[in-house]
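Quick one: the structure is below, and I'll ask about it shortly.
By written order: A, B, C and D. Residues from 1 in each chain.
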């Protein structure tokens, strides 16, 4: 039985709270939010004690793990406080947006020997995972190319965009960078990025890139393309295609229903699931299970600090290439 | 908050217990099973008190509803005991296999004014429901034909088959008969059935039909075909197609992943989900939610006694036609 | 090089004329039509001499084969004249709608030893044929069930309907009856048919059945369902599904393009090909090639007189069942 | 009626000869090949007079158009001879691999006022064209990204590769470069290319790139990705995806049949068509029709000299970028 302290009751917090509550091998002990009302509402629904003070929860011996669902800029310090309190950490990506801060945080984790998990949830999607497992089993032999499409139906609100320029790399494609590393079991050595502002000035007032393509060269020679957009009107579009010497594997999108509608104007199926929490619902439930299993069996969580660091490094390199126009080498 | 007494800890009982436990608006109060160990195991996992005696649970004022997951021949008497104790009833189909017993059970329900739900779970499958809603919205206008395929990957064990001859109609197609009534918002007036024994004598020692087709004529004139088999090696095959004056709607099968595998021998996708509890997992969760909502809002559950009676009547008519070879009129 | 006399320049005649003209191993020698202008127009486009008199063409030694594209009631006498003139015969189905006339025509063919081909073109569709070949190769083992959907987008004009009552069996499902025999390599022994009039009185003034379902039992025990409609607004719907002990084979519809259109309202693909001449264009070209190959290699054409007779017999039995309501045994 | 002189009886020559022969509005007058036997064989099958001397054919007043199917390095001089003889020209791409030679050839064409067609056949594929037409009709509004996959099942023989280094750009992606210009109705202003040698040294002894990705930036700001490989074991893989402000359009691959095979190991469909002449059979027939229509109606053929020049320019820029590693600006 793993006791959780969940920090951050907004956005993705409620999803994780519900997932913890639904498991027979976990308990929600505390919900921490500076907005106490949010913590209270969540606690009323899924259990746990609400508080505005993290330290109170960290003092509780029944708390085995801290789950961090707060905004990115707060991650590093909460990670460190949890580590120093001897708790395991489940952290939404990124660790931080500043690499120096990431590295200092890593030192604290190392010193404390903290079991640390950075929540690249897509690795736990059943289709992406089946593709991964087929690659590892050698189904298509040597991997030669990959094409990832990763498109959101909407851009984030202006405040959110202002707080994280180049979010298309730092917030969105960072998932794809992690997927590329995991799927190909290889590291990218070069990246070239191009961006565009396609949305109008009302929707994207800061003129932050809302459209992007990158090309990656992997250490083993394979070539990778990733594209993103913040305007996929047909839903949250998440596809992975990997090509190799003996074939191709594709993880397609999932639709809410399997209904086909035949009419005089053609055959129509559902639009894609619109919201990423719906699209990846299974992956969120499964990543929690994997984290709990790792803690229970005293082995390291399946995605660790260095995975978080590497993905951020690739995102940083993408930004640099997008700004300069030149290819950027990614340090080992 | 609805308190449940679950009766029958085998087969589908654990699924319903987990679904109750996962809801914030329901509590599992008692688990009743003549095999006390089964009740205890389930209670340890999902809560509730285990007992071998139904009466103990029925005396508990915190029990609002009885969920019946026992073998079919026990349904009617448990329904009646629950009704007399003033509990709402959620009952796996069928009410009973004998029509006279069904009718006497109905009298008890009437007298007690019991909120009664017969669990034709397929009505709650998201794709089937989307098809239903499109029909009701008139998307294809007048309904003219329907084709339902309803195939299990395996036949039941010999003991189970021996206990319910013509199970292909009483146990399997009974779901389709309910779907036809619900989807078409019409009643069948005639049925013609044909069966075959295609499995070998080891797998099907009682030579009970393992393959069947029926043709139904609806009161409104539409024609319906249903086919079933107990040997779909590619998984649990559940498809519905409705044709009308302005088009066609199809509810297709769902596969575990969306992965496509391109190789020299073609393009391969997953086999279908093999087990009906997996295929209809969402429908089981949703039917429970609908039952709870009906009780909470003091309205009748969405599938009632007469739906159970009508589906059985059609199954009986199918058996009669299969035996005699002649078309059988279905009484109103 | 096979010389053809084509009789009947309307409807399907131009298609066959173009197919003959496109082949390097065939020549269009004569085009016979009582409407001489039609024959002339066709000859101007694809070659051959136009005439209103069949005998002139039959006297020509360069004519090896007569291709009959006239209305059904004229088939038998043209077949007999061609047979007596020593020509091979390629005849659009049916041989005749009256069984006695079919049999007397068969006697003439027998006496003359005529190479005779009845043009059940669907056997030459690449997808249907691949399904057939997979069945013969034993891919799904023992055949247990088949489901055929065979729907036209429109009903024929009133005059055509008046001239052939129950055309849904005699003109449309007769193709499916042939497919069932060919695919399953077995003969049906029983048929049960139901029909409905779903179209309005303006479109279907003679109230001839425009919607039909049949259930067939095969000699080997397999069960077969066929459905037809004259109102598939989404195009010419032609699907075959065969189920067996080791799996299922489906021959799906073909669409004009492979374009998928993703929008806020869903994912849309083309409607089906609307016109049967488009849907089965390849099958028409291939059946001609097979007929020519058979003549060239002096072997019997791949679909013969008895195939035509059997399909008509099943259609007759369907009509009888639809009228009486009772199952009808099909004589061997 | 357009009279053709076909030059080059190998590889794609027979396909074009058959397409000319099948049309009622065209005649094959001459077949020119330095290998007279090849010309004779083709003439025996599809008509026309065989010769080893182009001039004999060019002197024939019944020749309206010269169709050039010879190896690339001979194109320019044949074009010029045909132009000077006053014939229209249908030329397989490229005009030449050397830009200076292309330009001098263009001067000759200009001077002669020759109706000139460069055969980028993919523009005439029904699915690609439907996608194009939907874009022009504004179905997805502003175009923002495109992803093209263009993969061959095999690399060309070593001699062919040796004669045209970087054939993956000059011979394969040149088609995609043309498609990008045509689909987007815009010109690329920048290209970045990366290549790899993934095949073994026996299959690819010259170590010419067999795998490639490019990223293009269009004048209007849209971003484009193209990938190619010479080892798609599952067949000739040709997909186009265009993303815009109101949705996405995809032109998928076509398979030989529509058969689905359901078994215990999953659902299997055909591999893709393997040979490009099969995959694009319709496009070859249609491009010929369009060329003939343009000549007949005395309007310029739909793909002209400048289209050939631009596609080559992009291919040259791709090679330059692949060699230098740097992004390359494409001159207007």
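By definition in this document, a contact is a pair of C-beta atoms (placed from the backbone, for glycine too) under 8 Å apart; a residue touches a chain by one contact, two chains touch by 3 or more.
Remember, predicted model here, so these are calculated numbers, not experimental data.
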Neighbouring chains shared between chain C and chain D, ordered by label: A, B
Most remote chain, CA-based centroid, reference being chain B: D
Equivalent interface to C-D, taken from A-C, B-C or A-B so that over half of the residue contact pairs match: A-B
Averaged-CA centre spacing for the pair chain D and chain A, given as whole angstrom: 42
Rounded Å distance between chain B and chain D, as computed from the means of their C-alpha atoms: 57
Distance from the mean Cα position of chain B to that of chain A, given in whole angstrom: 39
Residue numbers of chain D (touch at least two other chains): 233-234, 237, 246-248, 262-264, 270
Chain C partner contacts - residues on chain B that touch it in the complex: 142, 144-145, 147, 149, 151, 192, 194, 196, 198, 211-213, 215, 217, 221-223, 225, 227, 229, 231-234, 237, 243, 245-248, 325-327
Chain C contact footprint on chain A (complex, rising order): 233-234, 237, 255, 262-272
Residues of chain C defined as touching chain D within the complex: 21-22, 24, 45-46, 126-127, 130-131, 134, 139-140, 246-254, 256-264, 270
